[in-house]
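The structure appears right after this line, and notes come after that.
Chain nomenclature is as follows: A, B, C and D, assigned in order of appearance, with residue numbering initiated at 1 for each chain independently.
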Amino acid sequence: MTAAETAAGGRLRRTLPRIPDRFAAFGAALIVIVVVASILAPWIAPYPDEPNPLELLRPPSAAHWFGTDQVGRDVLTRILYGGRTSLFIAVAVLAVSAVAGVTLGVVAGYAGGWVRDVIMRVTDVFLAFPALLLSLALAVVLQPSVNTVVLAIAATWWPWYTRLSASVAASIATRGYVDAARCLGVPAPLIILRHVLPNSLTPVLVQLSLDAGGVILTAAALSYLGLGAQEPTAEWGLMVQQGQTLFTTNWWVVTFPGLAILVTAFAFNVIGEGLRNALDPRSGGARQERAKPTSAGAAATMSTRVVK
Amino acid sequence: MIEVRDLRVRYGTRVVADVPVLDVGEGECVAIVGESGSGKSTTLLSLLGLTPDAEISGQIRVCGLDVRTAPPRRLREIRGARAALVMQSPQAALSPATRLGVLMRRALRLHGREATEQIMSEAMEAVLLDPALLRRYPHEVSGGQAQRFAIALAIALGAEVILADEPTSALDVTVQAEVVGVLRRLRAERGLALLLVSHDLALVSTIADRVLVMKDGVVVESGAAAEVLAAPSHPYTRELLEALP
Amino acid sequence: MARYLARRLGQALLVVAGVVMLTFAVMRLVPGDPAVAFAGPKATPEQLAAARERFGLDDPIPLQFVNYVRDLFTGDWGTSLRTRQPVRDDLYLAFPASLELVGAALVIAVLIGIPIGVLAARYKTKFPDFGVRFTSMLAVSVPVFWLALAMQLVFAGHLGWFPIAGEYDSSLDSTSPLTLWTNITIVDALITGNWPIFTSTLEHLVLPALVVAAYPTGMIAQMARAALIEESGQDHARLERALGFGETSILTRFALRPALSPVLSLIALVFAYSIVNGFLVEAVFNWPGLGRYAAESIKSLDTPAIAGVTLLVALVYTTANLIVDLLQGVVDPRARAR
Amino acid sequence: MTMLRAERVTLGYGKRPVVHDVSLDITEGGVGLIGESGSGKTTLARAFLGLLTPMSGNIWYGDKTLKKADLRAFRKDVQPVFQAEALDPRMRIGSSIAEALPRGDRARVRELLEQVGLDPDLAARRPHQLSGGQRQRVVIARALAVGPGLLILDEPTSALDVTVQAKILDLLAGLDTERLLITHNLAVVERLCRTSHVLFAGRIVESGPTKDLLAKPAHPYTKALRDAVPKLGGAPPEARGRTEAVPAATGCPYRLRCPIAVPECEQAPALRDAGGGRQVACHRAGDVT
């Protein structure tokens, strides 16, 4: 009776109205603002993103809310255009990493044995490789640009998804419904597509939202080191780098792009946290059995959250 | 020992348990029987104030203390020392990184009791366990041993009543007999009162003096075990009896 | 447990081998001819040939790789094209400073992160919890390089509480020279009781260490909170309540130790990330660590140096992982049974 | 009649054997495999289903071993009924059943749901929207979809409430397929299986007609199993303190718990005939009162 009893208990908890996590809602609102502002940049930007010799290094004023930079461009406008770059990088990196990482991870998790060992060792190598250095090397090899940044970060980001989806897929591979499918003679690839993948998505989805902030930070760092977006593209990290020498005299040139990175990364992290609590992996199928020490389970979800 | 009048346990708007009367006298064994979702476990846990998120109405007196109005400190004094809990999943009920002996010693010291080797060994032997197990971690003992250790904790602290929430349903049949046998012996030798929650009517019939039958949060029948099980008046109790293979 | 660790050691060696291969491959991809970089753009063909010969650049790739690995073992990590010094010596000088910075940052992160994590778990959904969640969320969202600039401007520039840059007041080199044991300045100063250098290094260390500590502190606080809340939601917490223990003692005496195991594995991951973060902070605070060395090597395409730094960081990361695995056994007995 | 047989099978995960040298025939009228947790009964079930290849010995399907047999035919003839998590939480139960059908035709799905006593409109629901009993019926419907000759049931009812369990047992009794039933519940075996085998620490300690086995157990473990089950109004169980001893690695595995163990038990007793279709592996089989 125990399983039925706990299942009933489980349903009891789920039916309780989940207290709306104001924290996550706040994060969601922030993200909507950032995304909408970035997409509408060309229409809502107060000035064109071009140098204006007459307006060099103006402090924040009614005309220029965030002031102007050393070549007279309006800082607010550049931040709006910069938002597009950052969001593009975030979405592109996460898409590439998730697709590559999850595919490898699910195959490794389901197949097990030497297949899993080979894939996991290769993953470990990329995990051990300092992400920034691999990114730097790739950025140097492929001439610095926004696309290079995407490739460079994705090259060091996919392993997290492989490790996460491998552990989730491995636990799903032991479930009754997978054995039942095997007994029906369903071929392995179809079992992976029809059963293992859908049930592995929840933890991966949570991970994606948690990582978005991290990708933006890493992209900005690369641009700050001059290996990401190049002049004249508007990119927050680049803006901080260009303005850093003026920090003591013209504080706004550096402060506002930095704040933009902070706010966006913060919003993504908050949503990720809220999503993780709402889609508690336990209900998502990743950690249903109580046998596994659950604090290690928290580790599996949390430690993969560490941002490279 | 335990007096309950018009207990109602609510989660939000749903009444999960409605128990008009529940009494457990000295040395008496009362069983609450029902299927999953009947509210039997919630009822038991609410008696020790272990259902924090629920709204509880009605009157609960355990070992002379009104559980609902007593200050937290007074409540903590009777928890473990006067009224002890035995839970359903033995291993999960023990902190994974604490040796059994350390847990017992801390519990004894918490209640101002001496935690000597002798006292702890006696408690272990009372439940037919080798005192050497005190040096082990919970994952190094079997389910039956962990469950009997929980009972040993109650013995060491000198509890007068044990509240057992499905103590044997997670155990193998042979091990189940062992745990129930220990409970029965302690009741005979030490006059220990027992409130047993179970879905197993047969098990209850071998040990309970009085029985409450619950269905969907409501007590449908209660009375002396012999009478209720021999001549059930409520159709649901009959259905339960007939379903026994 | 021993068998498990042996297997983990084997895996770690495999990973290091993989990293060596990857580094070698990446080094070969970097454009520009190392010979030109070493001999200089105006070098004569003979000098170029000599340089090619010296680095064995004409040998077939597999042979170059074998030589590369052999050199690695013999400690010859190649010669830096920029500093003309053996990469090993450059690393020997630069790495301790990075270790000093990241080490200090991690000490701060653990000493602040875990306690506020416990605090948040204890007062779940009340104000302290919200405060800790908000600040730790901010800490993991702030761009490190920007924070470094801001802290430097405010606390060093305007307020003048701390020195702007550098590891310690270089004038002290003459007044009270430091004898080197571990090559980590602050440690050596402590051991040899060289107080002037010790206090000066400490002053210089505060700002950069706090900046590097932001991310790990936020992560550790969040992990400690999540793991503690999860552990105190377990069945055993209910039995401990039923034994009369109060919430605080359940958290600290029963839930904390099992909850530490995920925190520990997080510390290893965050340690590696902080080394990389340290690179950015070193540039701003002119800290003589690996970061500055790597940044300059990359600007000048100094491939042997870049490879050296990469290998070193990968080795440190793998070792950190191994140490954590060992500590897991100490923290959580179930890990010992594995 | 589905011919499925285990011949001196040793099974395990990695290098650690869990089931040791077991031979077992699936005979008419239902075969019960009785054992407690850790006895290896689920491992044996997975081997019979072809999900686990034996470390030594063979599983015979008809006149060929499972390795060489025509797996397509085998898959149609032998189907599992698992207990926990047997339905994909994300899939509608209709499509879970349809997975067993070639073209997933809707009519056949509705027919199967009716056959197991469920309202066909439930096809659109997801598993967590159903009760434990309903979920188990869906699992049975899926197993019946390919028209199997033999069902291998692993603890089909132990997660269910007593009243629900009774109805599922009625449903299973009504099916005309052969069955290998794996459980710890003696009453369920008595109801559905003509012959039974008792498994302890991966070895068969006793087998024979279920009724005789439970009425006059020849092996002390079978007797302990039977006596431990509380009977309505029966005598309260006695605690003897030896039940938790770990199975012995050498000799008879039960000897550390056995009330009538003698020095001779240090030599592993072979499973030998005890007449009346009974087999038992115990040096003192006769003296079990």
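Going forward, contacts are C-beta pairs under 8 Å (C-beta built on N, C-alpha and C of every residue); 3 or more make two chains touch, one makes a residue touch a chain.
According to UniProt, the chain labels map to these proteins: A, C = ABC transporter permease; B = Nickel import system ATP-binding protein NikD; D = ABC transporter ATP-binding protein.
What you are looking at is a predicted structure, and each value in this text was computed from that prediction instead of being measured.
Participant: Need the graph distance between chain C and chain D over the touch network, please.
Facilitator: Graph distance in the chain contact network comes out at 2.
Participant: Report which of B-C and A-C is connected by more C-beta pairs in contact.
Facilitator: Looking at B-C and A-C side by side, A-C shows more C-beta contacts.
Participant: Could you work out which chain's C-alpha centre is the most distant one from the centre of chain D?
Facilitator: The chain farthest from chain D, judged by C-alpha centres, is C.
Participant: So how far apart, in whole Å, are chain A and chain D when each is placed at the average of its C-alpha atoms?
Facilitator: Roughly 47 Å separates the two chain centres.
Participant: Quick check: how many Å separate the C-alpha centres of chain B and chain C?
Facilitator: Chain centroid spacing, chain B to chain C, equals 52 Å.
Participant: I'd like the Å distance between the centres of chain A and chain C, where a centre is the mean of that chain's Cα atoms.
Facilitator: 22
Participant: Send over the residues of chain A in touch with two or more other chains.
Facilitator: 1-2, 4, 7, 293
Participant: Where does chain D touch two or more other chains at once, residue-wise?
Facilitator: Residues 132, 161-162.
Participant: Which chain C residues reach two or more other chains?
Facilitator: Touching at least two other chains: 234, 258, 332, 334.
Participant: So in the complex, which bits of chain A are touching chain D?
Facilitator: 1-4, 7, 11, 175-177, 179-186, 194-195, 198-199, 285, 288
Participant: State the interface residues of chain C toward chain B in the complex, per the touch definition above.
Facilitator: 234-236, 238-246, 253-255, 257-258, 331-334, 337
Participant: Would you pull the chain D residues touching chain B in the complex into a rising list?
Facilitator: 36-37, 132, 161-163, 165-166, 169, 184-185, 187-188, 190-191, 224-225, 227-241, 243-244
Participant: Under the definition above, what is the set of chain C residues touching chain A in their complex?
Facilitator: Listed in rising order, the residues are 11, 14-16, 18-19, 22-23, 26, 29-31, 130, 133-134, 137-138, 140-147, 149-150, 153, 157, 215, 219, 222-223, 226-227, 230-231, 234, 258-259, 261-262, 265-266, 269-270, 272-273, 275-276, 279-280, 284, 294-295, 298, 301, 306, 309-310, 313-314, 317-318, 321, 332, 334.
Participant: Can you list the residues on chain B that touch chain C in the complex?
Facilitator: For chain B paired with chain C, touching residues are 45, 48, 50, 72, 76-81, 84-85, 87, 89, 92-98, 106-107, 110-111, 137, 139-140, 150, 153, 157.
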